[in-house]
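The chains carry the letters A, B and C, assigned in the order they are written, with residues numbered from 1 in each.
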Amino acid sequence: MHSISLQTHKRCELIDITSRINEIIAKENFRDGFLMIFVPHTTAAVTINENADPDVCHDILLTLEELIPHIRKGYRHGEGNSDAHVKASLVGSSETILVENGRLCLGTWQGIYFCEFDGPRTRMMNIKTVS
Amino acid sequence: MHSISLQTHKRCELIDITSRINEIIAKENFRDGFLMIFVPHTTAAVTINENADPDVCHDILLTLEELIPHIRKGYRHGEGNSDAHVKASLVGSSETILVENGRLCLGTWQGIYFCEFDGPRTRMMNIKTVS
Amino acid sequence: MHSISLQTHKRCELIDITSRINEIIAKENFRDGFLMIFVPHTTAAVTINENADPDVCHDILLTLEELIPHIRKGYRHGEGNSDAHVKASLVGSSETILVENGRLCLGTWQGIYFCEFDGPRTRMMNIKTVS
């Protein structure tokens, strides 16, 4: 299992981690099978989405913010980050991606994003390759 | 790895692909393990939901459309399909399903659905069995 | 494959199942690999979120209820539980979790939750360990 860390810089932020995942595949010389990415945090997540136009990340965060604003009447959790917990459960804490001939089987426009919903923080991800 | 293609016919549509997944299991004579379905698109997804009453699919699409309408003030992405990207990240681009004795371990009322959020288009899915 | 059952007591409820998953790992003396949890229902789901403050579960359910209320104009499904189907597809019917040295690789604050969206009912979960 590999653990990689990353520093986030805003409260809500999508960070392209595709190249970091590719580094693990290259380092292991991993050829065929699949790879699991797991986020061990409850106010962050991982998703796959467009890697070309950064405006897509902006629009995803905007929509999540409007649907699940930071403050909601009725929230009880004392830390004031209930929105981040909800976003984490909706986006999800893991991704499983196929690998063939040493390459992630992503579509042309797909990248892998770490989703920060309660930053800035230092975060971790666990990655496991399975052949 | 298997790739299957499908043609969608509406902008938003849920298409039952359970029988196509079963064809792969039968063709491989795959008995026990699990199966991964991966959608290599950023405006489509895959989910598991009710296979009996097609009104459930209608109601899922209706809810997503009302929560995440096609147009939202503040969207920056030039292609005008930001809603589809958000839906894709919330529903998710993959599913992992157990297989036992050559049968998908789905519940009685579960089917597997390809989720088109920006069609009509010709789409692909990648499927891998792991024993 | 293991099947475990549980009884839910409210219409919407998050139930911490981490200890039940740990029991399976202990019983199998499972050391290293990963574990899949699959919910064979279309109005329930599984998620990973905070295990410390139960108010987080309250706030997640509150948000889902406000975004996806029980009744919505336009719903066609005759059983009157369309909201539960939508929630199930957004939260997701499976989780994959790494296991190392006989321990679930969860973060400090993470627990595994069965998500009931149309209870009370008797529910099942299927669990498979893969080394």
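Note that in this section a residue touches a chain if its C-beta (ideal position, glycine included) is under 8 Å from a C-beta of that chain, and two chains touch if they have at least 3 such contacts.
No experiment lies behind these values; they were computed from the predicted model shown.
Chemist: To the nearest 5 degrees, please report the angle of the rotation taking chain A's Cα atoms onto chain B.
Modeler: Between chain A and chain B the superposing rotation measures out at 120 degrees.
Chemist: So chain B and chain C: same face meeting same face, with over half the numbers shared, or different?
Modeler: Counting which numbers both chains contribute, under half are shared, so the two copies meet through different residues.
Chemist: At what distance in angstrom does the C-alpha mean of chain C lie from that of chain B?
Modeler: 20
Chemist: On chain A, where are the residues touching two or more other chains?
Modeler: Residues 67, 90, 92, 96, 130 of chain A touch two or more partner chains.
Chemist: Using the touch rule from the top, collect the residues of chain C that touch chain A in their complex.
Modeler: These residues of chain C touch chain A: 34, 47-50, 53, 55-56, 58-60, 62-64, 66-67, 90-92, 95-98, 100, 105-110, 130.
Chemist: Can you check the complex and tell me which residues of chain C touch chain B?
Modeler: 1, 36, 38-42, 67-68, 72, 74-79, 82-83, 85-86, 88-90, 92-94, 96, 124, 126, 128, 130
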